[in-house]
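Down below are the structures I want you to see.
What follows is chain A paired twice: with chain B in the first complex and chain C in the second.
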Partner chain A sequence: MKIGIPRALLYYFHHDLWLNFFKNLNIETIVSPETNKAIVEMGVNNSIDEACFSSKIFIGHVGYLQDKCNVVFVPRIENTGIREEYCTRIFGVYDLVRNTFPNVKCLHADVNYLYGKSEPGAFIEIGEALGKDKSESLEAYNNALLTANSIKEAKILQQEKLLNSNGTKILIFAHAYNSYDAAVGKEITDFFIDNNIKVAYADVINEKEAQLLTQKSYGKRIYCRVTAQQIGGIKKYKDNVDGIVIISTFPCGPDAIFSELLIRQIKDKPILNIVIDELDSKAGIQTRMESFIDIINNREVKH
Partner chain B sequence: MEITENMKTTEKIACVPTAGDYGIITDMLIQRCLGYKTMPCPPMTKRTLELGARYSPDMICTPFKISLGNFIEAAENGANVIIMLGIVCRLGFFDILQKQILDDLGYDCEMLILFDYLPTVSGEFPTINNMYECLRAINPDLTKEKFYSIFEIMAKVTFDKDYLADFMRRNIAFEVHKGEYEKHYNDYLQEAGNVQSVIEAEEIFAKYKEKIESVAINKPEKPIQIGIIGEIYVVIEPFANCNIEKWLAKRKVEIIRPSDWSSTGVAIWSLPELIKNSGGYVNYNIGSTANDVIAQAHQMMKGGIDGIIHVKPASCSPEITGMSILQNMSRDYNIPIMYLTFDTGTSETGVHTRLEAFYDMVTMKRERD
Partner chain C sequence: MKKAYLGVDIGSISTKGVVIDESSNILSDSYLWTLGNPLQAVKNVLNEISQKLDKSYTIVNSGTTGSARRLIGTALGSRVIKNEISAHAIGTLSIVPDVQTILEIGGQDSKIILINNGVIMDYAMNTICAAGTGSFLSSQAKRLDLELEDFAEIALTSENPAKIAARCTVFAESDLVHKAQIGHSKADIVAGLCRAIVLNYLNNVGKGKQIKSPVVFQGGVSKNAAVVKEFEKELKVPVYVDPDGHLMGALGAAVLCKAVKEETPFDFNLTDINFETKGIECSNCPNNCEIICVYKNKNLLDAWGNKCEKGAQKLHSL
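Up next is the complex of A and B:
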């Protein structure tokens, strides 16, 4: 039994948990490679043209995996509690895959706390589908969760160190599946790093802390969990950086609202808003990044 | 900005974005539950769209742009409270950004959101109580009894109105004297907006039901049936969908359009039912009203409809997920679906050309079969 894991969407939030869970159960996994041209093409060809670019990338990864494994892992997370929803794209993803690739076998689980479907329950369900009993799955899950959490904490500490160090720094405001994807955000962050600019991410923050920070300004109004966390990150790290870079894929609903809101509300930091789709020319974006770097550096000279 | 008479006084004048002919219902809610005066949004024109598009982010879906245009025009005319309805999808965030945009433009308005987030917990209807809590937070004098009696009237009028509108849509293409339906229907709306009790609403409904059902029609036994499905705002707001219903009504077509506040309002809270009615094409919630749309399409196809038109605003992600599923359904049942996306730049002529081609195709298919 070999499980294919698409390197897209939810993968970027939970990969440490998933991979360790399967490793603890001694199940072979194959993760699709970093998004490349062929994967993008596969995704674009198999999606509705108006779908968001991140979702096209996901479809591309599933397409890549379809003949390389026995089942493809396509979980869906609808919410993690009241006022903690995920994007409709993410909770529609299982039905989308099933209708796009009717021949692909999906290993899936449903996380929906409002309907009493919790995360541990979902992993037990997955374990059952793989022929493991309840206690075995639960143990694998708990161990994987510990590992994943310690990796997350180390990342947060590392980022805090980076933010307190000297040098020019920028903060990336983007969903994890955009900021780390090779076809979306990775080229952008790499470009800044190559130009001696340190890159921090708004979503690398303790979840509880982020929620409290977001609630300070918006109450519990922002029920999109991923975005709420990023906004908490912006509130926390904003004063330690020289500029903010917003990366989103076309067309993203929550990003459309909140990137505009950030641009309108943050007056003391330069902001670069990059929207990416499958047609973008990299040269155009590079020019914009170069001039953004000039802006940050000039501001520093003036101060 | 000119300061009008209304703004000098502290009287609250509220404006709710236009959504089809549901103005009478929202007015009832605002006037009776909150005690604000209401002001209808100025009729939508090209200017509304232009204003909305100019000040909105470009990726946002069309309802945001249109309602922002509505609000700017209403604020120009002296509205000082802007009311937005939330409920599903990202509608619950609209007001945060719209308030910021209106502030930046210099309009001094209060912005309220009603029902920003009503979760569907275990398929239960959310919660008329939630609605009450939400309204009481704005108007502490609202008692539970009063809210329930108002809600009852609103629900009654919504269901009645939707019944009449649905009956009219199915038959309007075949009326003998043009304009009769519309006249009765508009009279009904006029009278229904002022009802004070459920009994009174029932009387008015009975009166107009009789009038509307007895309009002379010349309907063939098996007329061409075209279904309209899609994102609810675009479905119910004729200005947002380039008036496709009116266009179809001129072509001897029976229009089946199940989406309206009463049926969708009930349907989206009974998700398991919707999934059961989708013939195995969907297993889970795919967001907003898209599950309802899939279930509607499946019922229509099983009933042997001639063609379906799917409408949605640009960048509506639940409906885009739904489209992948509808495409499969359309292929399996061999029934055509035309997908129309509406944005602020959509030209009415372009849409009508596509409708014409679709209508021709559907009639030819009928003759051939």
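Up next is the complex of A and C:
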């Protein structure tokens, strides 16, 4: 039994939990490689036009995995409570995969707290499908959760250290599946790192703290869970960086609203807004990044 | 020997070159169409510049900017290869030191640069779409069977500009046809187009930005007096257009050269050297990067476009 895990969308939020869960159950996994042109093409060709670029990438990763494993892991996380929802594109991909690749077997479970489907319950369900009993799955889940949480905490500490160090720093406002994807944000963050700029991420922040900060600044909870976390990160880290870079894929609903909101609200930091789509026109982005670096470096010198 | 610095701005539509002395005075300049061949355009520009240049000056460094900055910078052995935004701001600051806002509408892109105390504070650029730029105007001029050079003159005679949407050439076309069919005069339509350019720019590129005087307007479209007038009407401040406005990018690249300590003697004989470029598709991984190789007299000078080491090009002859 070999489980294929697409390196896209939810993977970037939960990979430590997932991979450790399967490892604890002694089940072999294969993660698709970093997004490359062939994966993008496969995704674009198998998606409808209206889907966002990130979900097209997901479809491409499933396409890559289809003949390399027994089942593909495609869970659906709809929400983790009231006003803690995931994007429809994210929880819609399970149905898209089933209809796009009828021959691909999916390993699937739902997380929907509003309908009484909890995360531990989902992992027990997955364990059952793999022939493991309830206590075995629960133990594997709990241990994986501990590992994942400690990795998360270490990341937050590491980022705080970076933010308190000297040098020019920028804060990336992007969904994790965009900021770390080789076809979306990674090329951009690499460019800044190559130019001696330290890169911090708005979503690397304690979830509870992020929610409180977001609620405090907007008076109510933002239903999009992923964005709410990033907004909290902006509030917390903004004053420690020299500029903010927004990276989103076309067409993303929450990003369309919140990138605009941030640009209007934040007046004391330069902001670069980059929207990526499958048209692969990188020429304009290069010029924008170069001039953005000039601006944040010049500010350093003169002020 | 008197020292001089060369700046070249290779844009999508036109190529500009300028030579300055140590106090940033323009000694010689040239402005020619790129015509889709940046290497040839630069050779022509260099020829023109060297003919106009006083022979007692020696060029000690060169800089490039514009969309072909890397290609030409490699070919010329330039010390400075700068993005257009910084180059334009620095060039403009050397002519109008107290400038606070630079509006620019070029052939394919438009940008706004905000400056405070001589430091670039913020900028914005249009997205991939070239709506509301010079190419929009020239395609509409063709449709109306007019010369782009006559646009301003005709537009200024209009007293009641027609309302035309400039957000997209496709929408503008249907607007344009419609206005003509219901009886608007050509002058009103042309004036409407000029106004649409300004509104589109302020709504998209200038959105949410504080435009403070002194305002400098440059790029090819700044030569159109009707557009300048519409900008003044909308912004309610004087809009300054420098007669050398088209040279600002090149000037900025040249000014930046002055700060480079190491000197690289520059030879105008370069125009006799054979430069070639070749695009190859790397097949070492599924990314299939498009790699551009630049050859100088059949020897590989530089190559770029590869995302990883697998696509790195070894020095070789063509």
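Everything that follows uses one rule, which is that the second predicted complex is superposed on the first by the 302 of 303 C-alpha atoms of A that agree within 3 Å, B and C clash if a C-alpha of one lies under 4 Å from a C-alpha of the other, contacts with A are read in each partner's own complex, and residues count from 1 in each chain.
In the analysis below, contacts are C-beta pairs under 8 Å (C-beta built on N, C-alpha and C of every residue); 3 or more make two chains touch, one makes a residue touch a chain.
Fair warning: this is a prediction, and the values are worked out from it, not measured in the lab.
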item	value
Combined model on chain A: chain C and chain B, fit or clash	fit
Partner chain in contact with A:Arg76 - chain B first, chain C second, else both or neither	first
Vertex chain A; arms to chain B and chain C (CA centroids, nearest 10 degrees)	80
First (chain B), second (chain C), both or neither touched by A:Ile39	second
Which of chain B and chain C A:Gln66 touches, first, second, both or neither	neither
Touched partner set for A:Cys252, first chain B, second chain C, both or neither	first
Partner chain in contact with A:Asn24 - chain B first, chain C second, else both or neither	neither
Chain B versus chain C as contact partner of A:Leu261, first or second or both or neither	first
Contacts of A:Asn298 with chain B and chain C, given as first, second, both or neither	second
First (chain B), second (chain C), both or neither touched by A:Cys224	first
Which superposed partner A:Arg288 touches (first chain B, second chain C, both, neither)	second
Of chain B and chain C, the chain that contacts the larger number of chain A residues	B
Distance in angstrom between the closest Cα atoms of chain C and chain B, superposition on A	6
Chain B and chain C footprints on chain A, overlapping residues	264, 275
Chain A contact footprint on chain C (complex, rising order)	67, 82-86, 109, 117-123, 125, 127-128, 208, 285-288, 307
Sites on chain A touched by chain C in the complex	36-39, 187, 263-264, 270, 275, 279, 281, 283-284, 286-288, 290-291, 294-295, 298-299, 302-303
Interfacial residue positions of chain A with respect to chain B in the complex	47-48, 50-52, 76, 78-79, 82-83, 87-89, 91-92, 94-96, 98-100, 102, 110, 114-116, 218, 221-224, 248, 250-261, 264-265, 275
Touch list for chain B against partner chain A, complex	56-61, 64, 89-90, 92-94, 96-97, 100-101, 104, 116-117, 119-122, 281-288, 290, 314-315, 317-318, 320-321, 323-325, 327-328, 341
